[in-house]
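Mind having a look at this structure? Questions to follow.
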Amino acid sequence: MAFRFRPVDTAFYDLFTESADHLVVGAALLAEMLGESADHADVAQRMRDAEHQADETTHALFRRVNSTFVTPFDREDIYRLGSGLDDVMDMMDEVVDLILLYEVRTLPPDLSQQVEVLQRCAELTSAAMPKLQSPQSLEEYWIEINRLENAGDKNHRRILASLFSGQYKTIEVLKLKDIVEALEGAIDAFESVANTIEQIAVKES
Amino acid sequence: MAFRFRPVDTAFYDLFTESADHLVVGAALLAEMLGESADHADVAQRMRDAEHQADETTHALFRRVNSTFVTPFDREDIYRLGSGLDDVMDMMDEVVDLILLYEVRTLPPDLSQQVEVLQRCAELTSAAMPKLQSPQSLEEYWIEINRLENAGDKNHRRILASLFSGQYKTIEVLKLKDIVEALEGAIDAFESVANTIEQIAVKES
Amino acid sequence: MAFRFRPVDTAFYDLFTESADHLVVGAALLAEMLGESADHADVAQRMRDAEHQADETTHALFRRVNSTFVTPFDREDIYRLGSGLDDVMDMMDEVVDLILLYEVRTLPPDLSQQVEVLQRCAELTSAAMPKLQSPQSLEEYWIEINRLENAGDKNHRRILASLFSGQYKTIEVLKLKDIVEALEGAIDAFESVANTIEQIAVKES
């Protein structure tokens, strides 16, 4: 690796990695929520706990930005990446929360495909964070996340069509649509993180 | 206060304050709209007037950015903060407009709690603007807005659950959900303003 | 024109123009989709092709940002403008896709007004791109886009009110509302492009 002119505070990379690791936990809880015999209230409580831990990591990151003179990349980008990771957690928490809130017991089977996309995004993001020191090396990661987002988008549209195919009561359609859209929002939030990293790589190049 | 190296054009702070003051007016009109005997068409007209005045303040701000050589902080941040304040007004205007448009006469009583959150956000934002010259001094403000947004989010989810509890016809649920979501959008827009100010403070530190 | 201190790679302007030209094609396909005897599957397929071509232009733009040492304006702004133009295409594609997906045969007649707004936005954006070398000269363009967005917003609210006027079944309202909102999203995406250009002009001034 080339000589670096800027001293690097590796704690930032550790915090981004910690933040992404929370997303792996969140995606697993989401998968559990979709299980047939899941205790919705219990899973939702554990999701809330995971979301609080993710918040603490985000705040630790922002405190460090405030107290560090030389940051590994632009302060605003650290802020944006930290917020972006936090947004994913919020969206996954919202999916779980809506399932509990709307008292939905039967979910369309296709939803599990979207959760698989989310789990894959979480793993890739978690694996990418420790390599953030050389952002240009992460091209494969952001291309793959974009590919997953496209696949998720196709699933999403197929699920929407099935909701409107006449097999659900209108009030059920209304509930399920919110859940399905929150799932897609979580996948989009992963893409937004990947785009931020791509932009950081562009700046550094 | 420390010696400043950059001459400061205080007109920017006056315009931000003016912009936030419009939000106090908007939040009050929203509260009036929810009153039992409110004349919806009349309140909506006054809301539209308030929104036009807010627009004019925003444009005065942007014209000043264009014609000023040295700005108190980054041009883009002035632009973002001005747009952010304007977004809040647009969202509050949308709530009022939807109530008129959908001809909704009976609103869930819990909505008034959300409007209280909005009014509190408007007051805090209006009180914060004159102190924007030392953005780091506004930490309490952005923490409190974030707390209010969390409280608003909890209200929002409880209201959503009540909409789906079976007491409303499906077409009513559809209407009320839009209104409830626009209200939450307005609270989120206040949070977004607070986050922008936090980021300005981070940059200046 | 004044002497420029920075050498200019005109390929960027060509790519932005190409990108905006795809939007003119997309808006025309959208208008075709609304025709009474339109073959929905066929138009949707051509829209998908147009969307892929737009993607390729966007990627060519991003590759060039990565491989060019001196860019005509900030890398991040090139990135944002490219993404913004791409977002418009995605939104127009979504409208067409939803009409196909939901198997909607009868659309409210007012929708054609929204598509006219979109077509006008596409033409103006396409005409503006070749003049991007002097962004301050584009003030009329962004003012007109903002005016069109306001007109579109008024249409949008009127269409929403008609959806809830009692002439549609609730499940139809749910479908049409998604389509109507995606249309408005496309208009908003044009406004967002115009705002980005205004911000570039502000920075350059």
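Descriptive notes on the structure:
Residue numbering begins at 1 within each chain, and the chains themselves are lettered A, B and C in the order written.
Methods note: contacts are C-beta pairs under 8 Å (C-beta built on N, C-alpha and C of every residue); 3 or more make two chains touch, one makes a residue touch a chain.
From a predicted model like this one, the values you see are computed outputs, not experimental measurements.
Taken as a graph of touching chains, this assembly is fully connected, with contact between every pair of chains.
Matching the C-alpha atoms of chain A with those of chain C calls for a turn of 120 degrees, to the nearest 5. At the interface between chain A and chain B, two copies of one sequence, fewer than half of the residue numbers in use appear on both sides, so the contact is built from largely different positions. For the pair chain A and chain B, the distance between mean C-alpha positions equals 27 Å.
Residue positions 170, 174 of chain C are each in touch with at least two other chains.
Across the complex, chain B meets chain A through its residues 157, 160-161, 164, 170, 173-174, 177, 195, 199, 202-203, 205.
Residue ranges of chain B in contact with chain C, taken from their complex: 62, 65-66, 75-76, 79, 83, 97-98, 101-103, 170-171, 174-175.
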